[in-house]
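To start, the structure itself, in structure tokens.
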Amino acid sequence: MRVRYAETDQMGVAYHAHYLVWCEMARTEHMRQLGVRYRDLEEGRGLRLAVVEAHVRYRAAARYDDLLSIRCWLRDVASRQVTFGYAIDRPQDGRSIAVVQTSLVALNSSHVPTTLPEVVLQRMQTAADPVRMSFKCR
Amino acid sequence: MRVRYAETDQMGVAYHAHYLVWCEMARTEHMRQLGVRYRDLEEGRGLRLAVVEAHVRYRAAARYDDLLSIRCWLRDVASRQVTFGYAIDRPQDGRSIAVVQTSLVALNSSHVPTTLPEVVLQRMQTAADPVRMSFKCR
Amino acid sequence: MRVRYAETDQMGVAYHAHYLVWCEMARTEHMRQLGVRYRDLEEGRGLRLAVVEAHVRYRAAARYDDLLSIRCWLRDVASRQVTFGYAIDRPQDGRSIAVVQTSLVALNSSHVPTTLPEVVLQRMQTAADPVRMSFKCR
Amino acid sequence: MRVRYAETDQMGVAYHAHYLVWCEMARTEHMRQLGVRYRDLEEGRGLRLAVVEAHVRYRAAARYDDLLSIRCWLRDVASRQVTFGYAIDRPQDGRSIAVVQTSLVALNSSHVPTTLPEVVLQRMQTAADPVRMSFKCR
């Protein structure tokens, strides 16, 4: 993805809150590759995945018009909560821009915690990669 | 309201799309003063006001930490569509930052055009000020 | 481009201010195709293009995960001010989502109006398309 | 502060990335109360405070038009890095919405790490409150 002008601030770099938006995009695409379209979860099953924790380590500034790559993986999958890891890099110079971790809980349409559908759970558990522990929360 | 750091861009000024957000805030407060809480319209009546047209003239740059004042008024009120005018100013130096106009249509919970509730319509019509035509589209 | 979850609002559609951000992305890419990288204009020449007017007509709601296409063209090119037109469409169902027009002025690094560099002006004038007048301001 | 419509997403709650923006606002006001206007640091001294780490625990959903209160305090102050804690609450029902922690490093105008000015450092150290350890990173 390319950093938008709207995402810069007057420090001349991407404003730090946008990193969480980029991770949301990576998460959506990662789930799509697992055969789980998040839009269908919401529209078809009334399921929501709500972020309950986020941790970002900013390593280098991203700048306007930079092309960034975001890797996303499942770090932990339980029936009611999943944790994703993310690595944001700038391929042009090989710099690590940030490492991020977010945890999400499954909610039903009344915003009450619920379990993930079995088929979603299985696909996520198969994809979960506990070995890639490159990102640690302190 | 005060310009947030998040709202600046690398030009060192407030990014132009945020002006529409500020107008949304002013519109919400203006309706509250008329006794119409927009949140109640949505939650209680399933009514939505969707923006169908927006026009912004940027006159001077707003900067980080600037205190801005936004005046909002009703320019035109019909049973299915209302038009608001806005003047964004910086009291500190008396500069006009922007003039804005947005038109909104009433939609029901199925996103189909509908008419405004009679009580809302009356309050808006009473408040409408066709004389304050300081802002013109071209 | 794909509509981000972050860009939706509780009406279940893309919030109207983001359309201007999408147009910024289209403008950047359009200029890149003309051989003008906006980032280089800012970094190399201290030139900025600041939005002085924006007009958006919202025709249909864009939704989360929608794939949108944005066409961008030059409507008017003068030495100090350029006007772009934009058509945002959803290819999947052929719906027109919005038509937009923005005018930008050239500023130097002190934010004083200036003229566009000759080479930029020529490329833009060659690309300008006064015939595509599909979008009109009222 | 009041939750803006622009800050909601289609889940009907405030989108999680905006919490970091709200903390930025609280941080700016906290520093202003200490006699340190962040805008002056940037404009007068060429100093920037860049976020290097952020940790958010989301406890309850914030909704459109909610009035929120944000308490901000200094948790740790060193010559090159400061850590702020934040508690976002909704006074109306006494709910804790989120607890947040961000660490920022001082950069000079070339984006190289530097030390905080002595007067700023002293004011921050006097205000630092290591006892309010209600928020812990895991």
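Things to note:
For reference, chains read A, B, C and D in written order, and residue numbers begin at 1 within each chain.
Quick note on the criterion: a residue touches a chain if its C-beta (ideal position, glycine included) is under 8 Å from a C-beta of that chain, and two chains touch if they have at least 3 such contacts.
Just so it is clear, the structure is predicted and the values come from calculations on it, not from any experiment.
Chain centres here are means of the Cα atoms, and by that rule the chain farthest away from subunit C is D. Chain pairs A-D and A-B differ in how many C-beta pairs they share in contact, with the greater number at A-D. Inter-chain spacing, taken between the CA centroids of subunit A and subunit D, is 23 Å. Computed from the mean C-alpha positions, the centre of subunit A lies at a distance of 34 Å from the centre of subunit B. Each of the following residues of subunit D touches two or more other chains: 5-6, 10-11, 13, 17, 21, 24, 64.
Those residues of subunit A lying in contact with subunit B across their complex are 5-6, 8-13, 15, 17, 64. Put simply, subunit A touches subunit D in their complex at residues 10-11, 13, 16-18, 20-21, 24, 42, 48, 50-58, 61, 111, 137-138. By the touch criterion stated above, subunit B contacts subunit D in their complex at residues 2, 4-6, 21, 24-25, 28, 37-39, 64-65.
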